[in-house]
């Protein structure tokens, strides 16, 4: 205890007397701030327009210039040059140079960031440009540089030991107070390169309880509240002082299964399991909006979603028949059996997203209905990759974001080429793997994308359950707020108060 | 000068009359003493006069204090008397004083708030000095001796300037020497005022003089000047009361010579590293009674417990090795505390009988001998009077055929008549069974009449 | 009719409901009918349906069963350990007494929440964790009560008398100590059970207690909370059950006869 | 008089006991915890979208989790001896900094709640105790029991809906300004006031029935004077002792209120630390809270000793 205890007592006796700043735009969201570290909490800094990345993306996932105003790739596809936007200054007044950008990217690469996933051999400052050389072609690199973990902070923000000592970004707002885990306050940065923001200050508050967030929207405490629970969303729709918005997200509720286990080793068995799921009923009851996933990718993912695919249907009778055809017949207590083995499986999930245990409970009933005994184990999210790694996983339910980088191919490469902690298990389709790798290296056309989607639809290495929607309540006192499907922005730098 | 006239004061609980109408008059410089046993209604009488009757009891009659009339049926009206015209001495001053307030303050606040006198602190200091309490002013009550607390309470009670003093059982649970202190204090109260004392203590009544009212069963059975009542009592109850004074007990007949049971040489007991009393020696034969006398805290009980083998001791203590293992028994000062509080007396006896395979038939004759009703055994200790409990304790001991009984102030909490009866039964039975007794008391007269030899302990 | 009588009657009614409820329940606490989500009472579900169309009647009965069972088990275990150690400490005295008192004081200084969470991490099932964690917290109270009571009573003439009459420690405990400690323990137990129930519900409410789909009061509250405007009747059921249970136990504990 | 020294010695012993128990329990926890710690920490650091085997292995290598529990235990105890609680495995921040921030917030809230409850509870308790057995006393028993039985989150929600949403008087949730204190503190204070009213009532009833109270009245003091000069003085010690204990329960018991009102608190931090296997945070938090308990008890001992110099009654 290096500081005297009296300091602790003193801080308890003197509540911070500052009154809430009425001129600030308040944001309430469920995500807690871990530290002033882009790798840990960069998503929040990015959304609050405190920190920026070299590359931006629009609401359709198309890449836009960010701190880099243009980029090019060499003919051999092994060298990328990102030109640094001139006239950009960090919040400490120093200029954004190619050296500063290279420092930040090299720091990111040394951490557990997205850049460790790209075949990068070096990142160097070269004149006004940052040159990134690769060991093999990698078309998704600009998309990777849009991910929050590659956010650019001033060189002064990084300590020699690799830790982050200050949150000095280039965004439209400059941090005035950062108190993990719940509070971030920032004021307008007048020297912002894109023109000063209209609101004088923004405040971010992490509020874990959805009910409380909804009440904050209703009472006017927060001008923007995101991640509303379905019931509150419906209720706030009838409150005069706020508008509610809902945007389809590239995030999918998935049921991962171990295709190497005797229960799910044939595509017939996996399809039978899919038939046992009443996706519409589930979406209505749990998510409370029509979002049953008839296929893997939601309609918002242009090119990947294919209207022509026949939606995954619900037919418990057909499911039982298919299992019977695969050799699984009901035993005395109604549980399926094959060669003396009972169809008993463990379903892993985690409570961080409240809908998951609920969905698991509903699935358990669906599966029991066709003769599968499921034990739900709602535990830490890390148990899923851990059990994937040691091969003991049977079923897992989770929400997967296909837009970690604006290009879903990044996620596909991690998860299905051929397997991944949050994707396929015991499934290997050589053609699929090759196609994904080719697309990552060279980019791909819409036909190639829908072909990949069709393969996933036919072989069902995982079962899509439902598509997510991002919901938000916005006070009518502000305009210009954006709900971004790629969860990169709230549009704060363009937001303004209206009379 | 007449200070207070109480006319036809009676107390009712609903339709039951607990105290028959009593009239009394307090004159300046004169004492009135109400004498009686517990349950005689003497305390209710005082409470009716003061207006402090417990809930559910109603007083009636008329009360005149210095020309103003009060109605005991409306006790709220009496409140103005408290402190200003009537000083009420608490029964147990060490409990009645505020333990968290320094002595002088407890007197000064009365001068200040009740008498509205100037310079209350100076007056309080003077009061304390007058009672020899100069040193107590800065102390908390729990730092004072019992006698000092008594004087402090006296000063606090009278600081309001009341001419009348009411004392309810002021000597309850006190040693003989402390009783004399109280007597001196009450005499002080008589200077320039009147005194109403409620007591069962004949010595105190004798010392105060004035008028005595003897109460029994809610009725005044006899009244008159102290000198007459104490020397020539008319009513049988008054006579019994006076006969029960140990000073008036018949002298004990020495028992025949018997073998020695306990022999002590240079015995003393230490507690927390402190030797309690100067080493003593004695020899006690069967059938004999040894009286132990001494001031409080000098180790009388500890010596007895050492003989019983309950405490370690220094010196030589020989106990007859032929005596049975459970032959050494004891009677306690506070009878209810000596029984398991939550089981019936009969249950306790049954357990004892079962444990030692005692013949159950022995119980009935013993009950008879000790004048106890068998129905008592169905009750809890809290539902039986102190005298009866002490006899049941004796019965419990007798079932084990004791050769030795340590009686540790066994009658100090009992009324005089009960005390006399209990002690008589004890000594008779001891004689019948050749039982040796060590009898501890702070009442020298009592010890003189029951003991064959006396041992006086003095602090180290 | 004193407040304590009311408390006992409410507690008895709730226990009866928890024990008998499931016997009259055709569907069970897990059976879902998604179409009936949050709808009102019918023959199969006399208290209506929750957000997944499960019978509130059945879930409430099972939740009460679980809470009561866990709380009583934890408190009983704590009482046995606490009374045993308390009696032992005051009987033996010396270093054993001082050592146990120090352990008790140290445990008291630790956050109770930590104890339950740690047990949750170590033990395989949440129910076991609650039982062990709550018992590990609560024994201290029983220990201190017993030790204090025993200390004053072991020095009493009644115990001296029993020793002189040849009675052993077992008799003294049974006939003298136990009847004295008993009423105090009733109060402590009622508080203990109440606190345990509140703790189980509170941890359920912050999503670190029992796991869905187990019917548990706190968990039911948190599951139904989002629908507090559309289906207040569903939310009020676990809330009222929890309130009635705690009120009954508080009234019993607050009894001052 | 060396009783004060005795008290301090006893409290020091207790502090050592706490440190030892925390150390041993953390050791046992590290031994007994199921699941792979590296995976847990990785999930906590990078979130469920990103955690995977590669990240877990990187965490394992970075933190030296292969070293085995004994080495880690000794390492932590060594740090403790140098008054260094180490760094959080999740955020990388010094444990002491995180605890100061979060415990500070919890303490502020608890203190505000205690002050509010003091304005409500003891006055009611004194009224009831002075007329023990009366109508007001019996009513208070039921009302107090009811308030203790209301689930805190329900009280909190009702207050938010009433005072923040309907009347717009106060902010619904959040942290940072004075106005933010009112609702969570009130939520806690109502339950707390119920408890302190009961304790005060019992103490007051005891004092009012005691000979000292009767004697003070007999001396001629008015009822108000008796209460002010003797009543309050004599109920002081038990009430202060109880409040101290209550404060401790409060600091850790605010978890529910913390989550409802979006308050950064120690209960919240503790839950996260245990779930994420952030061992230094768990150890540090438990240690600081345990020692805080000891310190608080020592302070209460001293206060009670001032009120009642006879010595602390247990």
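As written, the chains take the letters A, B, C and D, and residue 1 is the first residue of each chain.
Following the convention adopted for this analysis, a contact is a pair of C-beta atoms (placed from the backbone, for glycine too) under 8 Å apart; a residue touches a chain by one contact, two chains touch by 3 or more.
Being a predicted model, the structure only gives us computed values, none of them experimental.
Separation of subunit B from subunit D in touch steps, taking the shortest path, is 1. Here D is the chain whose Cα centre lies closest to the centre of all protein Cα atoms.
Farthest from subunit B, judged by the mean position of CA atoms in each chain, is A. Top contact pair of chains, counted by C-beta pairs, is A-D.
Subunit A and subunit B have Cα centroids lying 85 Å from one another.
Put simply, the C-alpha centre of subunit A and that of subunit C have 41 angstrom between them.
The distance from the centre of subunit C to the centre of subunit D, with each centre set as the mean of the Cα atoms, comes to 21 Å. The geometric centre of subunit B is 48 Å away from that of subunit C, both derived from CA atoms.
With touch defined as above, subunit B holds no residue shared between interfaces to two or more other chains. Of all residues in subunit A, those touching 2 or more other chains are 211, listed in ascending order. Residue positions of subunit D with contacts to 2 or more other chains are 157, 259, 275. The set of touching chain pairs reads A-C, A-D, B-C, B-D, C-D, using the touch definition from the header.
By the touch criterion stated above, subunit C contacts subunit B in their complex at residues 156-158, 160-167, 171, 175-176, 179-180, 182.
Taken together, the subunit A residues at the contact with subunit D in this complex read 1-3, 5, 7-9, 11-13, 15-20, 26, 28, 34-35, 37, 39-40, 112, 116, 163, 179-183, 205-209, 211-213, 215-216, 218-221, 350, 352-353, 379-383, 385-386, 388-389, 398-401, 404, 414, 420-422.
In the complex of the two chains, the subunit A residues touching subunit C come out as 210-211, 229-232, 234-235, 278, 281-282, 284-286, 351, 354, 357-358, 360-362, 364-365, 376, 378.
Residue ranges on subunit C touching subunit D, taken from their complex, read 3, 7, 102-103, 105-114, 117-118, 120-122, 124, 144, 148, 194, 198, 201-202, 205-206, 208, 221, 225, 228, 239, 242-247, 250-251, 254, 256.
Subunit B makes touch with subunit D in their complex at residues 50, 52, 82-84, 88, 90-92, 95-101, 109-110, 113-114, 140, 142, 153, 156-157, 159-160.
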